[in-house]
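These are the structures in question, set out in turn.
Two complexes come next, and they have one chain in common, chain A, joined by chain B in the first and chain C in the second.
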Partner chain A sequence: MNKPLNYAYYPGCSSTGTSLEYDMSSRAVCAALDINLTDVPDWSCCGSTPAHTVDHSLSSALSARNLDQVASMGLDSCVSPCPSCLANLKTAKHRMEDAGFRDKVNNLLDKPADTRVETKSVLQILVEDYGIENIRKKVVKPLTGLVVGAYYGCILNRPAELMQFDDLEHPMAMDNIMEALGATVVPFPLKVECCGASFGIPRKDVVMRLSGKLLDTAHGIGAMALVTACPLCQMNLDMRQNQINKANGSKHTMPIFYFTQLMGLALGLPEKELGIGKLCVSPRNVLDAIDANLKEKAA
Partner chain B sequence: MKVININLSYNSDFVSQVEEESGQKLNLCYQCGKCTAGCPYTAEYDISVSQIMRLTQTGQKDKVLQSKSLWLCATCESCTARCPNKIDVARIMDVLRHMARREGYTGIRTVKTFWDSFLNSVRSNGRVFEVGLLANYISHTGRFWTDIGLGPKILPKGKIHFKPVEMKGKKEVTKIFMRFKQESAK
Partner chain C sequence: MKIGVFVCHCGSNIEATVDTAAVAAASREFPDVVFATDTMYTCSEPGQDEIVAAIKEHNLGGVVVASCTPRMHEQTFRRTVERAGLNRYLFEMANIREHVSWIGKDRESNTNKSVDLVRMATEKLMRNRPLYSKKFDINKRVLVIGGGVAGIQAALDCADGGLEVVMVEKAPTIGGKMAKLDKTFPTVDCSSCILGPRMVDVAQHPNITLYAYSEIEEINGYVGNFEIKVKKKATYVDWDSCTGCGICMEKCPSKKATDTFNEGIGKTTAINIPFPQAIPKKAKIDPDFCTKIQKGKCGVCAKLCPSGCINYEMQDEFVTEKVGAIVTATGFDLFDWSIYGEYGAGRYPDVITSLQYERMLSASGPTGGHIKRPSDGKEPKNVVFIQCVGSRDKSVGRPYCSGFCCMYTAKQAILTKDHLPDSQSYVFYMDIRAIGKLYDEFTRRAMEEYDTKYIRGRVSMIYPQGDRLLVRGADTLMGAQVEVDADLVVLAVGAEAAAGAGELAEKLRISYDSYGFYMEGHPKLKPVETNTAGVYLAGACQGPKDIPSSVGQGSAAAAKVLGLFSKDQLESDPQVSVVDIKRCIGCGKCIQTCPFGAIKEMEFRGMAKADVIETICQGCGICTSTCPQGAVQLQHFTDNQILSEVNALCRF
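Moving on to the complex of A and B:
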């Protein structure tokens, strides 16, 4: 890399809990690639979905407090692993370009917020700023024999005018990374379909139907595992996979990785640093198959 | 099919309010139905998203704000991404539920309680405290058995904390909510 890559890092609430392994693996992969992430010192919740369903100025105020902190760090861009945080931080910046709305939001804050910083996803900086070819060069343990489908979820690329990344119906960023890591990527037709999002608690039946369809399709196209970039998608497909099986009479045992976990493995990082053991559906068989393929190739 | 006489119940204030709050032109919708075709929640909705658009266009305030669909939209943005007239339909759905809340509609109680519990957690802790959120939700809905079966699966993973993570500026976050409440009361 020519110039050092420095970003403010906004982990988001789920990184401290249910998506701990996404946070761990994002940090580990960036460190291995000499990408510097500095935590936003006193970050708070972006408000996620619930805030924007109540009011747009409330939602933007919760996000703007964080953007303002990034600006005071002297960095011009912020990265977040979570698409929901990303969407809220980007929406706040975008809507606050309107003076009337900006005043309304600033009225809710202790002091007017500096919201000039850009926010990107961890996936976006890896693909656009670091580059797929550079990732390919760093692979020490190719994921030979792993047949994987890439599932992006609904809001990573949408709406297009706001997210400005990849394709809104047929994104390829994760497919391309997986291919660079040596995996066999099967085109996943439901890449941007919704998993049921945060309805897992209030309307579990909806998640059972939508996430069930994703697992059935992944199985049907011969994927051994799915790879995701969103804490909520991963949680619905992984933590709720048994519930889905029970509700739908299916028998899936499909590992659901964060893309950063598979990147870390291919870069030769230890499983422990990537939180592989924190996945609910055990990926042991799939990982053993990769190892067996590698040994066979070496022999 | 139910027939509505739109001349009798057209509420023009409602139409202009939706347009103002969403920044969208409602008359751009020509009812192609593409939003409904792609909406993952059509099967759960009592009124499909394209019908919500038409009812809103024709000023049918009560019928729209009573709809359960408003509370089931996940803002997945499929409708917005695919609208041939570039209407931000998901933003209109968001604005409609803001109005439904202000008018006192509960929509789907479990959904509203979940969203409220989430925001209560943010207001008190600055960040979401997952166990506290769940406890708050259960105490308001009585749905004790929700996800109890997940406990043995995730507890050994060390992902669940029983105390909120302390952050310095949590009072600043609480104040955002307090000011929002004051502004809304005006």
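Moving on to the complex of A and C:
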């Protein structure tokens, strides 16, 4: 890389809890690639789903405050691992272009927010700013023999006008990264389908059905594991996999990785730094198989 | 000049928002106006008679009609004043409908604006001079561009009417899309049985010269005397001696060439004849796939050809043809559906287009008329048809209806059941548009007798599941989501303007709409004319059309050509530029700017002067604004006439 890559880093609330391993692995991978992430000082919740279901100006106020914090760091772009945070931050920036709305939001804040900074996902900067070919060069432990499907979920690149990233129906960013890491990527036909999202709480049956279908399909195409880029998708597929099995009478034992975890492994980072142990469905068999393949190749 | 003014109500079209009586009253005050009145329908017989009577009674020297656009009725009124003995150019029209009543609501302002427009017209009329047309000979040959069913019909009708016809077809064979179809709705009769003989007629007709695998390079001239430069693309086979025996095709080792005729279902050889019934039945080499041309190795066909036709060095060739009229019948092309990510954007081999399916259904097609899945060659059980792919969809810039997809989908569903009695067809549709004779009955048959399941709604996603495809969509009548396991998905892709339609339009100097379809002279009254004299339209190049309508237009265009050629001479338009040689300093600027090459240099008493060739000048007026001396004047639109109009408008 010619130019050092510097970004403000907005972890989002789930990074402090349910998706700790996403946060850990994102930081570890970026550090290994000399991508500088500086935490947004005194960051707060983006508003998540509850805020905008109640009031759009409240939601945007929460996000706008964080964008303003980024602006005060003197950086012009911010990254977040979570697509849901990303959607809120981007929506706020977009809505604030309307003067009437901007006034309403600024009224809720201590001082008018500067929302001009761009926000991108960790996935987007790795693909667009760092580049697949540069990632390929850094691989020390290729994921030989890992048959994996890439699952993007429904909000990572939608609505297209707002997210401005990858193909709407057929994104390839993670597929391409996995291929660069040496994995065998099977085209996952439901890559942009909904997992049921936060319906896991009020209507668990919806998640059982939708996420169940994702697992069935992944199994059907011969995937050993799925990779995701979204805390909610990962949680539904991983943490709820047992519930899904019970509800649907299935027997899935499919590890659900964050793509940054697999990247970290291929870059030779220790499992501990990547939070591999925090996954609910044990990836041991899959990881052992990769190691065995590597040894066989070496021998 | 004594001038009469007639202000038209156009029923209520004008009168509703313009006080026509007040306009007439105001006109009476203009210099030279001796008579002014308002009338209900000036263009009607009593309306025209009133003009004739007024000319006689008041001894008028010129007439102004304030009514609709000159494109509508200028010719009508010119003939009217001529009937009363005036020169047709001693007439002016003020457009107070399109330019006033239809666009403004305020009656008072509209009335004032109408008065201004009439004032301009009278001022110009005072400076009008009688102009006289000259007669010129016409060349009674006709060029037909495009050899689809519409072009074939036009060519045969013209040829049977005794005209010499030149047909230029871009593809190596004529027949267009219809030649690729298996059967045709609503009668389910075999497409090649009805089209084949007509294609043969084209080949055998003594009056028709066919240039297949050729394109229009250049068009010059004007109605009655066009000069056409045709590019005959290199075929690498001497067509004069090729007998179409096909031996070359049997032995050519390069078998991976794109099979355009079969819409990419299967491959063909580098040297190929598109299909056994092709007209002309001649071989051509696809240079991209010929190893001799690409790498200098092989040459098998040259060794085997019994007639010695192969020439690997062949170059494009140009020929010139002279004709008096042109019928454009370049048809349509299919929408590139790969923009639809939800249908797989081309990733799934068992999602095919309707035209590919026609080739599969056709007994002479690449699968011998057997329906097979491209992926594994298996017979499908469930076939899903999706209508309106690239039609009626603003999000992909195709808001219009392609017209024939509802019908051919019903046909394909019926044929599917005929071929595979155990199969089940599903059709996702938005609306069923079956407005032709016997059409609604036909789609009903597909549902009722052939048990096709029609689902009203759009498909949101197609994805593979095992070796089948899962088609998910909405059933808007049930208000439910539906999922169908499909073995084969057929997309009813919409029609779009033929590739290169825009470039051809520029050469023909005709207009086209924002989608590239050619514009007819008038949407109701001039369906096959264009705004360029001597150029006519037939078939789907004007807009999506099924076979009956395309053929109907082919015949209509032929009738127009035969009508045009019923005279031996045409009258030239006297509204052309004239050079005043006293003023002309011979700078030659007009010669450079005239887009039609209508001005040449001549010598007058040893001095260079510009000279306009009347028959070539189109009256565009570009030269008049170029000439630094004001020496070139466009008749009927001289500087003085235009300035008098401006002065009439800017009086204060």
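Convention: the second predicted complex is superposed on the first by the 299 of 299 C-alpha atoms of A that agree within 3 Å, B and C clash if a C-alpha of one lies under 4 Å from a C-alpha of the other, contacts with A are read in each partner's own complex, and residues count from 1 in each chain.
What we mean here is this: a contact is a pair of C-beta atoms (placed from the backbone, for glycine too) under 8 Å apart; a residue touches a chain by one contact, two chains touch by 3 or more.
Everything numeric here is computed off the predicted structure, so don't read it as measured data.
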{"item": "Chain B versus chain C as contact partner of A:Leu108, first or second or both or neither", "value": "first"}
{"item": "Which of chain B and chain C A:Asn285 touches, first, second, both or neither", "value": "neither"}
{"item": "Which superposed partner A:Phe199 touches (first chain B, second chain C, both, neither)", "value": "first"}
{"item": "Partner chain(s) touched by A:Leu168 [first = chain B, second = chain C, both, neither]", "value": "both"}
{"item": "Contacts of A:Pro189 with chain B and chain C, given as first, second, both or neither", "value": "second"}
{"item": "Chain A residues touched by each partner, larger count belonging to chain B or chain C", "value": "B"}
{"item": "First (chain B), second (chain C), both or neither touched by A:Gln243", "value": "first"}
{"item": "Contacts on chain A seen with chain B and repeated with chain C across the two complexes", "value": "168-169, 193"}
{"item": "Complex interface listing, chain B residues touching chain A", "value": "40-41, 43-44, 72, 74-78, 80-81, 88, 90, 94, 97-98, 101, 108, 110-111, 113-116, 118-119, 122, 126-128, 130, 134, 137, 146-147, 149-150, 153-154, 157-161, 165, 167-170, 172-173, 175-177, 179-180, 183-184"}
{"item": "List of chain A residues in touch with chain C within their complex", "value": "167-170, 187, 189-190, 193, 217, 220"}
{"item": "In the complex, chain C residues that touch chain A", "value": "340-342, 345, 347, 461, 463-466"}
{"item": "Residues of chain A defined as touching chain B within the complex", "value": "13-14, 16-18, 20, 42-45, 47-58, 61-62, 65, 104, 107-110, 154-155, 158-160, 168-169, 192-194, 196-204, 206, 209-210, 239-240, 242-243, 277-278, 280"}
